[in-house]
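To keep things clear, I will list the structure first and then write my remarks on it.
Going by the order they are written in, the chains are A, B and C; count residues from 1 in each one.
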Amino acid sequence: MTPILVENFLQSLMAGLLVGAIYGLMCVGLALIFGVMRVINFAQGDFMMLGMYVAYFLFVAFGVQPTFGNIVGPYVAAFLAAPVMFGVGYLAHQFLISRVSGTRTAQLEGEGHYAQLILTLGIALVLQNAGQMIFGSMVVSVRTPLSSSAWIIGPLWGDFVEIFVNKARAIAAVVSLLVIAGLVLLIGSTRLGKALRASADDPTAATYIGVDVNFAHSIAFALGTSITALAGGLLAPNYPFHPFVGLEYVIIMYAGVVLGGLGSIIGAFWGGMTIGIVQQMSALVLPTQLQNSAIFVFFLLIVLLRPQGLFGRVTERT
Amino acid sequence: MLEIAGISAGYSSVPVLRDVSISVDEGQFVSVVGPNGAGKSTLFKTISGILKPTAGTIRFEGNDLLGVPPSRRAHLGIAHVPEGRHVFPSLTVMENLELGAYTEAGRQNWATNIERILTLFPVLSERRRQFAGTLSGGEQQMLAIGRGLASSPKLLMLDEPSMGLAPAIADFIFDQLTEIRRQTRLTILLVEQRVAEALQTADHGYVLEAGRVVLEGDNNALRSDDRIRAAYLGM
Amino acid sequence: MRLRTTLPLLVLAVAYAVISFFVTNSYYQLMMTLVLVWASFGLAWNLFSGYTGLISFGHAVFFGLGAYFTALGQIYFDFTPWLLIPVAALVGGAAGLLIGALTFRLRSHYFALAMLAYPLAILNVFMWLGYQELTIPMKHKGAVLYMQFTDGRMYTLIAIVMTVAIVILSQAVERSRFGMALIAIKQNEAAAEAAGINTLVWKLRAITLSGAITGAIGAFYVMVLLVVTPESVFGMLVSAQALTVTMFGGVGTVWGPLIGAAILIPTSQILQAKLGAQFPGIEGVIYGLAIIVVILSAPEGIFWRVRDKLRKRSGTTAVAEAVAIDVPTAGDAAPAASVSQSGGQIILSVRNLSKSFGGLKAVQNVSFDVQRGSILGIIGPNGAGKTTLFNLLNGFQHPDAGEVMLDGHSVFGVTPHRLCEAGVGRTFQVMRPFPRLTVAENVVIGAYVRAANDAEAREHAANAIARAGLTNVAHRVASELTTKELRLMELARALAGAPRLLLLDETLAGLGANEAAEVVTVLRALAKQGITIVIIEHTMHTMVRLVDRFVVLDHGAVLVEDTPQAITRDSRVIEAYLGTKWSAHA
C-alpha cells in the first residue's frame, strides 16, 4: 500500500515541477509588464490563447509540420509564434494601452489604474469572443507523439515506485527554464534591460537620462506578451485549448505573480512553479473541477494575507 | 548656449512661471535662486520637456528645443540632476552610472568620465555594488550628480543639490562642483534656495520670486541687494 | 426639486410601459425586459463603483448567488419567487458585506484582482456541484403565484417597477449624507476621513446595498429566462456587462446605466440574433469594443460628455461676468462667536515629537504650544520636515516618540475622522475638489460631522461659505473656480465641521500677492472669532502678515520659535533660508 502512495505523491510532484516551469514562464511575461509599466493586464491569458492558435496554425497550415515533423515541429511553431505575438503586443501597446498609461497618467493615481484595468478587460472580451468567431469553439490541440510517451524513472523501491516523465512536458519545462535564463540575462546585463529597469524605477528620471519611456513600455509589453504566448505554445501539445482558455490560466498567472511579489521577475517564476505544484498535488485530494477553485482560494489567501508575496522584494512604488 | 525667452508654464490651470527669460553662455556657471515655490523646479522641468510651456521659446545651441521630444534632449547634451535626487533605487550604484552614459557621448567617453566621477566622489567607488536605494541622502545626491556627469553633458542642470542635506555634506558637494568647473569648464545651470552658496561660485545669477525674474546680475551686485532678503523673508 | 427629477423618470416609465404593451413579438418582449435587467444591474454596480470610485470587476458574484439561490429554492423547496427574490437580496447583501470586509483592506491592484477572482472561483464550485444547467420547473397551476407568465409583457412591467424603484433609491442615496460620503471617498479618501467620514463603514454600506440589489436582479433574471448556467450568471462577461453599460452611459449618475443599457443591449442582442449563427460571440465583441471606445474617448461616459458640452455652450456667458468677491471684514460675515482673548489657554500642545523613516530623522524632538485663538505658522526650507510634522498632528502618521495633546488629552491612535469629530479641521496641499459639484455641495460634505440631518448640514455649509467669503460663487461648479476660490472652498469645507482648531496645509501656495492678501484677511477674521489656526507654508512671505507666532523647522528640529518681527531678524533663520555664508557676509 505504502509504495503506491509514495508513487502517487512523487508522480504528482514531478508533474507539478514540469507544469510549474511552464507556468513560471507564463508568469514571467505578466510580471515583466507589471514590473516595468505598473499595468495589470487582464488580457494576458487571452494573448496567450492567441499565441496558442498562432502556433497551432503555423504547425498545421503553414508548413511547420511537413518541414520539421511531429517531434520538433510543435516547438518550432511555438518559437515562431513568439515574434508574431511580440508584434501584436507592440501594436496593442502603441494604439491602446499607451493612451491610458505611462508618464501621461503618472499623476492620476487610482483613476489611472482603473482606466488601464478596464481597457485590458475590454481587450480580453474582444479577444475571447472574436477568437470564438474566427476559430470556433471546438477544442483543438497540437498533436505530437511526445505528449503520449514518457521516460520512466525507477523502480526506486524494490520493484515498485516508478515515475513517468512525460516527454513533451519535460522538454517544455527545460525550454521554459532556458528562456527564463535568457531573459534574466537580457534584463540584467544589456543596455535595453537597464533602460527597462530604469523606466520601471523612475520614469521621469529615465527620461532625464535619455530613455524613451514610452518606447521602453512598448518593448516591455510586447516582450511580456510574447513570453506568455511562448509558454502557451509549449503547453499546446499537452493541453487542448479553445478561445476561452485564457480565463483558465489568467488566475494561475495572477496567483503566481502575486505570490512572487508583484513586479519581481524571478519571484514570478517561483510563484508560477509553486502554483504548478499546488495544482498537481491538489489533484491527489480534490476532484479535477475544483483544481482551479483551489488555485483561486489559494490566490485570495495570498492576496489577503501576504500581498507583498512570498518571494522577491516589495517593488511597489510609494 | 541656452536661451530661454519669455517662458510661461504651469500645472493645469495654475501658472507657475510668468514670462521668464534666462540665458546661459558656453562655459558659464549660472545660478537661479529664490524661495521655495518660486518656480525653480518648474523652470527645469520645462527645459527638460517634462512640462510644456504655454508661451515663450527655448533654444539650445541655436536650435529650437521645444520641438525636441523630452527623451532626446539628454542626447543633445543636457543633463538634468533632479530635485530630490531621483536615483534608480533598485539598480546598483554602478548601473546607475552606466545608465547615465545612455547617450552616445557618454558611451564614448565612459572611461574618462567614470574615473573623474569616482575621484570626485570616492564613496561611490566604495559602494559600487550596493543598491542605490540603500544609500544615504548625501550619497544619493553624489550619485545623481555622477549620473549626470556620466552622460558627458554640454550643460549640467542641478536642481537643489543641497536639499535636505546636513550642512557639511552640502558644503562638500558645492566644493566638488567648483572642482568640476576648474577641471572641465563645464557649463552649469544651478537652482538653489541657499543663496550664498549658489551665488558664491556663479558667474551670473537670477532671482526668481513668484514665477518672475525680479533681479539679475553678478554675484556681488546681487548679494548687496536687499531685495533678495525681502524675497525670502517678506520684510 | 425632487419633482424635477422624479417626473421625467415616471414619464419615461409610463412611455416604456405603453410601448411594451404594443410589442407582441415574444423576442422583442424579452429584449425590452433584458434592457431593464441590465440597466438595473448597471444601477446597482453604479451605486457602489460609480460613487466610490472603487471599480468592481466581480459583481457577477452577487448576481449569480441571487440567481442560483432562487433556482435552487424553487427546484428543491418549491418556494415562490415572490418570496425568493427578496431573500436573494439578503443573500446578495450578506455576500457584499463579507466580500467588502475581506477586500477593502487591499489597495488598488490587489482589490481589482481579488474582485475579479471571486465569481470565477464560485463558478467552478457550481460546476462541480453538478449545476451545469438548472431549469425552473414549469407550473401549469398557479403560474402567477410562481411568476410564470405566458405573456412576456408582464415581465417587462415587473422590470419597469423594479428599475424605477432602484433609480429612486439611487437618487435618494445620491442626495443624502450617504451619497455625499461616497463622493467624498471617491475624490480623496484621506480628505474624507479628515472631514469626519468613517470611510470603511460607508464603503461597507455601499457594497452591501449594491450586492443586495444585484442579488435580487439576478433572481429576477432567472425567472425571465427560466434556465440558469454558471457561465451565464457568474461569467466574466456578466460583470463586464454591468460595468460596460454604466461606463458607456455615464458613471456616477442614475441616467448612465439607463442610457448605456438602452443603446448596448438592443445592439448586441440584435446582432447576436442576426449574425450569431455565423459569428458566435459577437455579443462579447460588442461589449469589449464598447468598453475600449469609451475608456479611450469619453472615460466618464456619454451622459457627462453631452452634459459638459451643453453646459459649456450655455454656461460661458454666465461665467464671463465674473462676480466680484467680497472679502468679509473682520467679524461681519459670521455670527461673531464671542471670544474673549483667552489669556494663555493652550489648545494644542506638542511634546518631544520624533519620527524617522529608515535612517532619515524627519522630525526630531519637536515641542511647542498653541494658544486658543492664535495663528501659528510652521515654516522651514524644503525638506525641513514640515509635512511629516503636519501628518503627525492630524493623525495620518504615528510618532515614534513624544505626543500631541489636544485640550490636554493625547490624540495618539485617534483616527482622522474621530479627530475631526473632536474639533480638528484640516485642508490639503493638493486640492481635489469634486469638479462637477457646486461649491455648496462640495462644502456640505464637511458639515455632516456636526449635523443631525441633511437640512442642518446645508445650513452649516451655507454659514461656512459665508465666513469664507464665497457666498457669491456658492452655486458655481468647482471646475469653474480660480485657485484662490478653490483654496477658500477647502477652507469652507473644513469650517463646516465647526472646528476649534484648523490645520492648514499650504493654503497660500500658488497665489499671487493680492490673492494671498485676501485669504489672509479671511483667516485673520476666523482667528478673531476664536478659531485657532496652525498653518504650514514654505515661504515666509505673506506669512509674516498673517501669523502671531512662527515655529521654524530645519532638518526636522525646531530652529527658533518667536514672533514674526524677531524671526526675520534671527541670524539662524537667515542662515537656514539664505545659506550659512550669507549671514557671515551680511
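Here is the rule we go by: contacts are C-beta pairs under 8 Å (C-beta built on N, C-alpha and C of every residue); 3 or more make two chains touch, one makes a residue touch a chain.
None of these values were measured; they are calculated from a predicted model.
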Chain whose average C-alpha position is farthest from chain C's own: B
Central chain (by mean CA position): C
Pair of chains joined by more contacts [C-beta pairs], B-C or A-C: A-C
Centroid spacing, where centroids are CA-atom means, of chain A and chain B in whole angstrom: 43
Mean-CA-position distance for chain C and chain A (Å): 36
Mean-CA-position distance for chain C and chain B (Å): 40
Footprint of chain C on chain A - complex, ascending: 40, 42, 96, 99-100, 110-111, 113-115, 117-119, 121-133, 136-137, 243, 247, 251, 254, 258, 262, 287, 289-290, 292-293, 296-297, 299-300, 303-304, 307
Of all residues in chain C, those that touch chain B in their complex: 359-360, 381-383, 483, 509-510, 512-513, 538-545, 555, 564, 568, 573-574, 577-582, 584-586
Footprint of chain A on chain C - complex, ascending: 53, 55, 57, 102-103, 105-110, 112-114, 116-118, 120-122, 124-125, 127-128, 236-237, 240, 243, 247, 279-285, 287-292, 295-296, 299
Parts of chain B lying in touch with chain C, wherever the complex brings them together: 13-14, 16, 35-37, 136-137, 160, 163-164, 166-167, 171, 193-198, 200, 210, 223, 228-229, 231-235
Residues of chain B that touch chain A when the two form their complex: 48-50, 69-75, 79-80, 82, 86-91, 95, 98-100, 102-103, 147, 151
